[in-house]
Amino acid sequence: MSIEDLYSEIVLEHYKEPHNVGEIQSPEIFAKGFNESCGDDIKIFARVKDNKIEDIKFLGKGCAISQSSASMMTDLLKGKSINEVKEFIKAFNKKITGEENFPEDSDEWFELSALKGVIKFPIRVKCASLAWHTLAQGIRDYENKLIRRNNEQL
Amino acid sequence: MSIEDLYSEIVLEHYKEPHNVGEIQSPEIFAKGFNESCGDDIKIFARVKDNKIEDIKFLGKGCAISQSSASMMTDLLKGKSINEVKEFIKAFNKKITGEENFPEDSDEWFELSALKGVIKFPIRVKCASLAWHTLAQGIRDYENKLIRRNNEQL
Amino acid sequence: MLDVKKIKEDFLIFQRKIKGNNLIYLDSAATTQKPIQVIEAISNYYRNNNANVHRGAYTLSEESTMMYENARQSAAKFINAKSSESIVFTRNATEGINLVANAWGLEYFKADDEILLTQMEHHSNLIPWQLVAKKTGAKLKFIYLDRNGELDLSNLENLINEKTKFVSLVHISNSLGTINPVRDIIKHAHNYNIPVMIDATQSVPHTFVDVQELDCDFLVFSGHKMLGPTGIGVLYGKEELLDKMPPFMGGGEMINEVHLDWADYRSIPWKFEAGTPNIAGAIGLSAAIEYINSIGKENIEQHGKRLTQFAIEELEKIDGIEIYGPKFNRGPLVAFNIKNIHPHDVSTILDEYGVAVRAGHHCTQPVMQWLNVPATVRASFYVYNSFEDVEVLIKGLKKTKEVFAGVY
Amino acid sequence: MLDVKKIKEDFLIFQRKIKGNNLIYLDSAATTQKPIQVIEAISNYYRNNNANVHRGAYTLSEESTMMYENARQSAAKFINAKSSESIVFTRNATEGINLVANAWGLEYFKADDEILLTQMEHHSNLIPWQLVAKKTGAKLKFIYLDRNGELDLSNLENLINEKTKFVSLVHISNSLGTINPVRDIIKHAHNYNIPVMIDATQSVPHTFVDVQELDCDFLVFSGHKMLGPTGIGVLYGKEELLDKMPPFMGGGEMINEVHLDWADYRSIPWKFEAGTPNIAGAIGLSAAIEYINSIGKENIEQHGKRLTQFAIEELEKIDGIEIYGPKFNRGPLVAFNIKNIHPHDVSTILDEYGVAVRAGHHCTQPVMQWLNVPATVRASFYVYNSFEDVEVLIKGLKKTKEVFAGVY
């Protein structure tokens, strides 16, 4: 295990030029996340249409781990249904905490498994999962809002 | 040094039947004392006439050391002038803290030197000096009052 | 039965001589002695892992953060708290009570609200409420003592009413040994939706306290009275109540976002831990919990009961001794006086025999006023005390009477 | 010159390997390592003298009271306080500031009064005042930073005026290293009879701070940042000011006479120490003071200056490094960033070399906002750091740049 495994080429490329950086006007899903252990923050915006993530962007300053993780996450989740996204977040959390292995031969997980090195740096797990936790919070808020709206219409 | 040196016959006799216990109505000198380390308290009353302690009494619950010390103190100081009393208090404080020796062949100090054993029990020095500190405070208050009264008459 | 001889070996202080005698330490209700396991846990932390917590990305800082947060988990488990987020580390029980009195009381009490305490509270569970009452105009009410030194609950229906906004009471009295029926009182208060805080300083070291079963809203205790180091205590609070409280102190470690004119606080429990915490203290406490668990709470409770019963039986044989507090079902301590001898003198003479007992008001002056004595002698027991310790105490008391024979 | 090699032997933690490397500890501004003398002072207390203080009449209690009060005297002497009665033991610097903000502030501030702080305060000297301002309606004013990271005092005449009721500021900044001209500011405030508190948390460990010469009204520092244990800090206050303050917390140890409805408080400093204090902590602090005195404050100050200067020189040689804070006359720490590399990543990579530096906002977010960076890397020095330590740091930073070569 060396430091180069943590800062793999894929991670550094995403850090250098992160994908999907920016804001979405009046997004259906929005959440702010905060990493208590280092003070970094992130904002996640998503446009939902037909129960699918039509577009997703993020804003925030952070370390290579948190930035590349957010960049890859937004790449991957675009186009997925809300339920698929929820499952994916769960799966990611299990893998990044070492509870499950990253799949060896999955195209979908290929890039993300560049974050594998983080497992050996427990204090950095929070960095890798910041974007994911934040999105999960945004989805919860979004679904609660839907439920409230439904109730009001009843 | 044994425990019997601390609780000498003289100390125990004064504890059993302390002298000068009681109140004096509208005393010239009055003070309340408090032993922070054990919670015991004492009140001292004195009548002053012609700059002399005409009468002196005390009230309070306390241990054998503090009670016998108060009893002996009141015995001894009765009839002395305020200045003599102030000197005596200073002398006592020096002796009870071990700074000076108790005089061997002084009638005046004979009884008081029964408290000699206290020096070896530093935590009990406060008990032995409670009455003395309290009286000193009472005298300070009394003298300040005199000064104020004099000033007002000027 | 505890193997006291073996336990005593863990407490190096018992190798000391006091005025030529073995140390017989009977003041555990004031503070307990510490086993080598606790002392070494602290030393080892400083020798191997010392760093500040929560904000470092390097190995030592990660280790010390983990050890500190693990200590929080072990404290939570020790009192069966639902989550470690409901555990706030404080300096001692006193700070825990002050924290709640301020953060809850100043926020939610109005003039003429009532705070219900008891006549047997330690000053630490009285003065903070006096201070808050003064600031808010709320009034203090008290459950008084009956003749046996137990709470007189006959009037409880009147004492807990719509005006009552908070109840705070001691679980086991440190001056009488009374064990209060806190579960019933909590139930009753909850009928009126009134939060209840339990001062468990004397119970947590000796008996299994289950905050979920008690259903108390807050609970406090001190590490130094349960084999742990000085400077560390625990405030337990139900998460939803802690959430509703503003911070008590402000500073580093307890905030998220800070600007010159506003700040956003961290979530519980960290919101209540301003500044660098007593990291080594928490780690020492956790070692103390481990030690207690290794002996077993049930064994500790039994042992305390047996020693206390034995002490009471032996004390009763001595002429002129008055014993205070309930006769049965009491905590592991006994307070008493010898007729005509001041407790301070008793303690000085016992010290000549190596026996350490407390003489004083035990920070419960209202109880002394109720007993109508200036002070008492108190012997209190813990895992390292044996029946022989009680015998030495009794011998010392007999000697005390001899010294004061002329007076008595 | 300090004999760092010899000093390092007293700190057993340096025998540890971090990921196979020697530990290079450069985070002393967060907390220092502890010499064996301090660790043993604590262990020895627990092994030989442990008892609760102030209220026992037996040998152990007498000893521990004496040791605790002697620690107070040694703290007083360390900052040249007139008397030990002006020394209050707290958990840390943060608690000292909260104590004054509450006990002084809530008593004496009214709506529209002004409290003067600076833009470089640690959160611990900002949040307590925000909380008090909210409760009293008082307003916070700030001395802002000039381009060099020093206080802009050009406006002081306006900032300190009849509305100003309190000034509180840091002596040495923990994030910029700035040394503030506290003596001048105190003098100026005293012209208006305004009390001044100094946050000396970063100065007391490194330089001789004389409270009588400074003439500050209050001053705080933490034991754990000067070789002492966690959980102990000092609040110094002029006696006449402490006397005028109501207690902060209530409980045992801080009272004289107690009734259910009123209480009479003890004299200072005990009035401010509610509950069982961190006795072992105070004793450990006193051992730390002894250790520091044995090295000599002047030597420590010189050593810190030399290391810092060397570090700055070496850092400046690295391309793309930005150093924050004043160029000259600064405290023994240096904060910086490498262009395009987040401090957190720097710290993780340095940790691979055994180098412990802090990455973050250092509890001074307003300073980060002013610098317009999310965080910085900070290396801070103390008596056990050598010039080689700095060299390893520099090597690690170069390696960091290599890892991030594609990005940079």
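As written, the chain order gives the labels A, B, C and D, with residue 1 at the start of each chain.
Here, contacts are C-beta pairs under 8 Å (C-beta built on N, C-alpha and C of every residue); 3 or more make two chains touch, one makes a residue touch a chain.
Computed from a predicted model, the values in this text were never measured in an experiment.
**Student:** Write down the chain pair with more C-beta contact pairs when A-D is set against B-D.
**Tutor:** More contacting C-beta pairs are found at A-D.
**Student:** Relative to chain C, which chain has the most distant C-alpha mean position?
**Tutor:** Result for max centroid distance from chain C is chain A.
**Student:** Averaging only over C-alpha atoms, locate the centres of chain A and chain B and give their separation in whole Å.
**Tutor:** Chain centroid spacing, chain A to chain B, equals 79 Å.
**Student:** If you average the Cα atoms of chain A and of chain D to get two centres, how far apart are those centres in Å?
**Tutor:** 38
**Student:** Between chain B and chain D, what's the gap in Å when you average each chain's C-alpha atoms?
**Tutor:** Centre-to-centre distance between chain B and chain D: 47 Å.
**Student:** What is the distance in Å between the mean C-alpha positions of chain C and chain D?
**Tutor:** Chain C and chain D have C-alpha centres separated by 31 Å.
**Student:** So which bits of chain A are touching at least two other chains?
**Tutor:** Expected reply: 38, 123-124.
**Student:** Which chain C residues reach two or more other chains?
**Tutor:** Residues 55, 57, 61, 257, 344, 348, 359-360, 365 of chain C each touch two or more of the other chains.
**Student:** Which of line, ring, star, complete and other names the graph you get from chains that touch?
**Tutor:** Chain contacts: none of line, ring, star or complete; other.
**Student:** Can you list the residues on chain C that touch chain D in the complex?
**Tutor:** Listed in rising order, the residues are 12-13, 16, 18-19, 23, 25, 27, 30-31, 33-34, 38-39, 42-43, 46-52, 55-61, 91-95, 97-98, 101, 119, 122-124, 126-131, 140, 142, 222, 224, 229-233, 246-247, 249-255, 257-263, 274-281, 344, 347-348, 350-351, 355-360, 363, 365-366, 369.
**Student:** Considering only the defined contacts, which chain C positions touch chain B in the complex?
**Tutor:** Spelled out, the residues of chain C in touch with chain B are 341-345, 348-349, 352, 359-361, 365, 368, 374-375, 403-404, 406-407.
**Student:** Show me the residue ranges of chain C that touch chain A in the complex, using the header's touch definition.
**Tutor:** Touch residues, chain C against chain A: 54-55, 57, 61-62, 65, 256-257, 266, 270.
**Student:** Could you pull out which chain B residues touch chain C in their complex?
**Tutor:** By the definition above, chain B touches chain C via 2-4, 6-7, 9, 12-13, 15-16, 38-40, 61-65, 67, 121, 123-124, 127.
**Student:** List the residues on chain A that touch chain C in their complex, please.
**Tutor:** Going through chain A, the ones touching chain C are 34, 36-38, 41, 122-124.
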